[in-house]
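Look at the two complexes coming up: chain A is in both, with chain B in one and chain C in the other.
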Partner chain A sequence: MIQSTSTKTFQYDAKRRVTVDRAGLFLGFLLLLTLPLMVQSNGYILQVFTHALLLASLALAWNLLGVSGSISLGHAAFFGVGAYGSALLSLEQGLSPWLTIPIAGLFATGLGLMVGLICLRLRGAYFALATLAFVEIPRVITGNWDALTRGSLGLVGISGLPTLRMGDWHVDFGSSITASYYLVFVYSLVLLGLVTFVFRSNMGLALQAIREEEIAAEAVGIHVNRYRLSSLLMSAFFTGISGACYAHLVRYIEPGLVYGLHFSAIPMIFAICGGRFTILGPAVAALVLYPVDQFIFHPLLPAGHEFLYGAVLILTVLFMPNGFWWRLRNA
Partner chain B sequence: MEVAERIVILLQLKSLNKTFNNFCALSNIDFSVSEGEIVGLVGPNGAGKTTLFNLICGRYRPSSGNILFKGIDITDLKPHAICRLGISRTFQSSRPFPRMSTLDNVLVGHIFGKGFSLHTRPEDREMARELLEIVGIAHKAETLADQLTLSEQRRLDLARALATRPKLLLLDEVAAGFSPILVKQAIQLINRVRERGVSLLIIDHFLNLSLKVSDRLLALDHGEKIAEGPPHMVMRNRDVLQAYLGLRHQDEEED
Partner chain C sequence: MWTTIFVSGISLGSFYVLIALGFALIFGVTRNFNLAHGELLVLAGYSAYWLWKAWAFPFVLTFPFAILVILLICLGLQRLFSRLRDPIELNSIVLSFGIAILIQNSMLFCFSGNYRLIRIPILSQGFRIPGFYVSYGQLTLFFLSLIILGILYVLMYRTYLGKALRATIQDKEAAALAGINVAAMGTLAFCIGAVLIGLAGPLYGCIHYLYPSTGHEATLVAITITIFAGVGRLGGIILAGWILGLAESFTVVLCGASWREMVSAVLLLTLLAFRPHGILGKGEE
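Right, the complex of A and B next:
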């Protein structure tokens, strides 16, 4: 859907790519690891970065599908199902979030299967529009099934992030923002590792080929629909997990929030700005743009601070259609 | 006594029809390609040559008729499955994976052409590089495919198709618009492909290739088979001349 219009030619420089990726990974890891020390566990700053990390995981998960060339505008469906799934299971059944979070991921995968069977025959803008419309289904159900979901009132008093016990030693991830921060950090790292594995494996090669030229891809033996569906299911699963983490982190959810356009648009914006064809790009964009939004634009423009995302998206599409991380790696 | 040569039929088309909304693109095509053979598919614009390719490769499904490959009915198979059985193709306007390196383009063909493995082994890359050498663009291995010239993209298309290890290779206008020197290189390349034990079906609208390399020609016009046989015979066939040059008017005057 979004094609490079830039006429500047880029050399394929494997060395530069590796250098940029390693530098970014190393710096990012170090900064994020030591952030609680640097800011002396300043609650507000850590809260913003916890959220940024969660959004980074969302962008990474979105890009598992995005790399195959499909642009989804409906990931809030998976996010919301994940959030409600985990929140309800822990509220109603009293299950530990360690259990409910992955189960919620499976719920989202189930929804992903439905989306896949119905929408994956579509391409480009048609696929994007279909996913945009699809969000309404779980949103309306959640908003009206009062007996189960308490409808538009939302859910309050959701249990916090769980406690990890190993013998006598234990960490309560819900007890302090620093602990929550590290849990989300570890989750994002694990997801990053997984995305790296998928992108570098031959499955990643197949997804790229499908994105670049689908007809040629099937002509050289790639089972196009199977790969597109698998990438959608993986993407839905991790988006569901991120939604579940969000529910236990914020401890309050309502349909308009978790199924809102915000959670559909934001991973797409981060992925496109950072670079859909890169592993790190979407995560880097989330970790840069969200804090900039919260620390700089939010105080300046409390009502319209999100214009930042629109502006950055437009500038990216105009001047670096492949994203800034891609540009850094290939300049 | 020794049997001179056992002819094994590789591809068989049985009364193949294809219509698009009442437009008959191909009607009643019966044809076969034997193992080791090079067949040229000729005919004027709109004769149905590329449609025939799309039917064989599974992009289109025939309206009626059957396609057999190595005795297996592949009429209803999907393109990826047909590729895995051993039919590979190039495209009329080449379709590289533009934002992937030339080497990766070929690698995709090598890895998925016959199945799936989770990781690329060094020998897979070696194979891909070898194919780039065969088609003469090894020095561009690390270039993004959309930066290749038109002739290099055609070579890349060919290398990627060969990477799937086909038994039958379908070439769609490989040499269209080529200069005489490039055509010569293309002929050498095709002979090298044949030496690897691959049969070829070559669409060649301008006849700059197939007359020199084909064992046999199949001529189509308006979706019908009008001639079949050795190149020099087919080229003298009245219907073929008529299709290409429009001699009907002249004939009528002679009567």
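Right, the complex of A and C next:
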């Protein structure tokens, strides 16, 4: 196994890189922390940034798999199962969302296990195509299982996030936009911390080794399939959690929406544009591109404003294959 | 009843063959997975619809226009694809995914999200042969796909150019060593692919409702058939198309129409799980 000393030389060779990382992280953290104070009067801006943070968490979760070199075009499967799992558990069983959201994450992990069994022996392009096709299966099943999921009509009246009480002090996540903003913010921060930990651990090194040269990685004793499966499962779990949060924040879901191409494409686009090989890149891309889309392109072009994502993806693949955050750090 | 299902399955399969041919050819020669294939198809359908509706063109005359539109776009796309670095297959997927989003949103902008259909009454009329019913539309699809396959067969197996194309499909480096201009073959493959898309697109507009996001399903069909057939096998493509068409029409009758969308995905996953390089294709790498 790779020793932790090599982690140090591999990760911390350039001091400047670390400084850029920390400065960026701190500045972004401050901006996001004080955002509700700055835009107090404007609920719309806060809502857009809540959504942007949720998409950032999706991109971070996607990149847990992406770092191993696999490109998934089917993360909507995990997102949708998370959203439906949590929404149905709280609607039918009356459970609290605090309980159903982690359970929905486990549902998504189960689906991840299925994807792993079918797709993990595939590499590169064929893995991507298999994940693209895989989404259709939970989507069609959800759309047809009328008795359980109410079919293609979707679910309405999903309970919002409940109020958190501690003695006299309470936070109402259901109706306060600021509170739900901070909740998603904290969730993204936790996920970012976890991604950082994973990337810098032995597992992260192993995944990067697999990405660079799988046969060589196997030759030095890395269990390639075990590591690829665990990164897929982690990625699925957190995508499911994000999907569940989405269901309770938006409070309306339907199969075409949560299993749609949109939620497969968005995390992939953010992760690739930001930089698949970086920790922060995917989150930064989400926090930049989504507000640009919503504040600039949506008012200009109500129909077809998402062409921005297509254009950005094309430009990234052609001119900056490692993403802009990677480019910034290695300029 | 079973013969009717069989006939509609074969005609659907013939249509899928038309959809998949362009994709398979482009993939075979250039190793680019063009995920924007379905979107190009829908775009061809929209351009035919526009001519037919706004300018009252006869339906048959919309084909040259659709072919021209797709040809121009494909030549542009080929320039983009040729700039990709290794690994080409994976990068082409990401690139064409971006192109698909771009085309989808442009269509949403130009044609709105409303459902459109090119209504050609004669295609839905038909006649009854003892035992089953055939519509002219089904006959058209069946014979058109056979004719186009025949033309492609002659091109690929009876001409010098076809030999060069097949050599490029088999081994790019060896073909280049033998003096074949591999880059020109790539451009040629995109051109032939564009013509095939331009032919299939208007027909798509007659059979399916056109709306901007419908192309995804056609892309999945094209991928499934191409992987099923293996690279560069015309016979495999028609077999794969018919099997998929039959599987879909039997699914519609046995399980209900809403399960149809899953058939090609299940077929593709089964294929990839057991034979990642195609049923008829030999193992590569």
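To be clear about the criterion, the second predicted complex is superposed on the first by the 317 of 331 C-alpha atoms of A that agree within 3 Å, B and C clash if a C-alpha of one lies under 4 Å from a C-alpha of the other, contacts with A are read in each partner's own complex, and residues count from 1 in each chain.
Criterion: contacts are C-beta pairs under 8 Å (C-beta built on N, C-alpha and C of every residue); 3 or more make two chains touch, one makes a residue touch a chain.
Values in this document were obtained by computation on a predicted structure and should not be read as measured data.
Asks: So, does A:I137 touch the first partner chain B, the second partner chain C, both, or neither?
Replies: A:I137: touches chain C, not chain B.
Asks: Thinking of the overlay built on chain A, is A:E212 touched by chain B (first), by chain C (second), by both, or by neither?
Replies: Touch partner of A:E212: chain B, not chain C.
Asks: Would you sort A:F307 into first (chain B), second (chain C), both or neither based on which partner it touches?
Replies: second
Asks: Using the superposition on chain A described above, determine whether A:E92 touches chain B (first), chain C (second), both, or neither.
Replies: A:E92 sits against neither chain B nor chain C.
Asks: Which holds for A:F277: it touches chain B only (first), chain C only (second), both, or neither?
Replies: first
Asks: On the A-aligned overlay, A:H223 touches which partner chain: chain B = first, chain C = second, or both, or neither?
Replies: Once the two structures are laid over each other on A, A:H223 reaches chain B alone.
Asks: Which one hits more chain A residues, chain B or chain C?
Replies: When the residues of chain A touched by each partner are counted, C comes out ahead.
Asks: Could you list which residues of chain A make contact with chain B in one structure and with chain C in the other?
Replies: Touching chain B and chain C on chain A: no residues.
Asks: Residues of chain A touching chain C in their complex?
Replies: 71, 73, 118-119, 121-122, 124-126, 128-130, 132-137, 139-141, 143-144, 152, 261, 265, 268-269, 272, 301, 303-307, 309-314, 317-318, 321
Asks: Sort out for me which residues of chain C touch chain A in the complex.
Replies: By the definition above, chain C touches chain A via 33, 35, 80, 83-85, 87, 89-95, 97-109, 112-113, 213, 216, 220, 223-224, 227, 256, 258-259, 261-262, 264-266, 268-269, 272-273, 276.
Asks: For the complex, give me every residue of chain A touching chain B.
Replies: On the chain A side, the touching residues are 4, 9-14, 201-203, 205-206, 208-209, 212-213, 215-224, 277, 322.
Asks: For the complex, which residues does chain B have touching chain A?
Replies: Chain B residues touching chain A: 57, 59, 78-80, 83-84, 88-89, 91, 95-101, 104, 107-109, 111-120, 142-144, 147, 160-161, 163-164.
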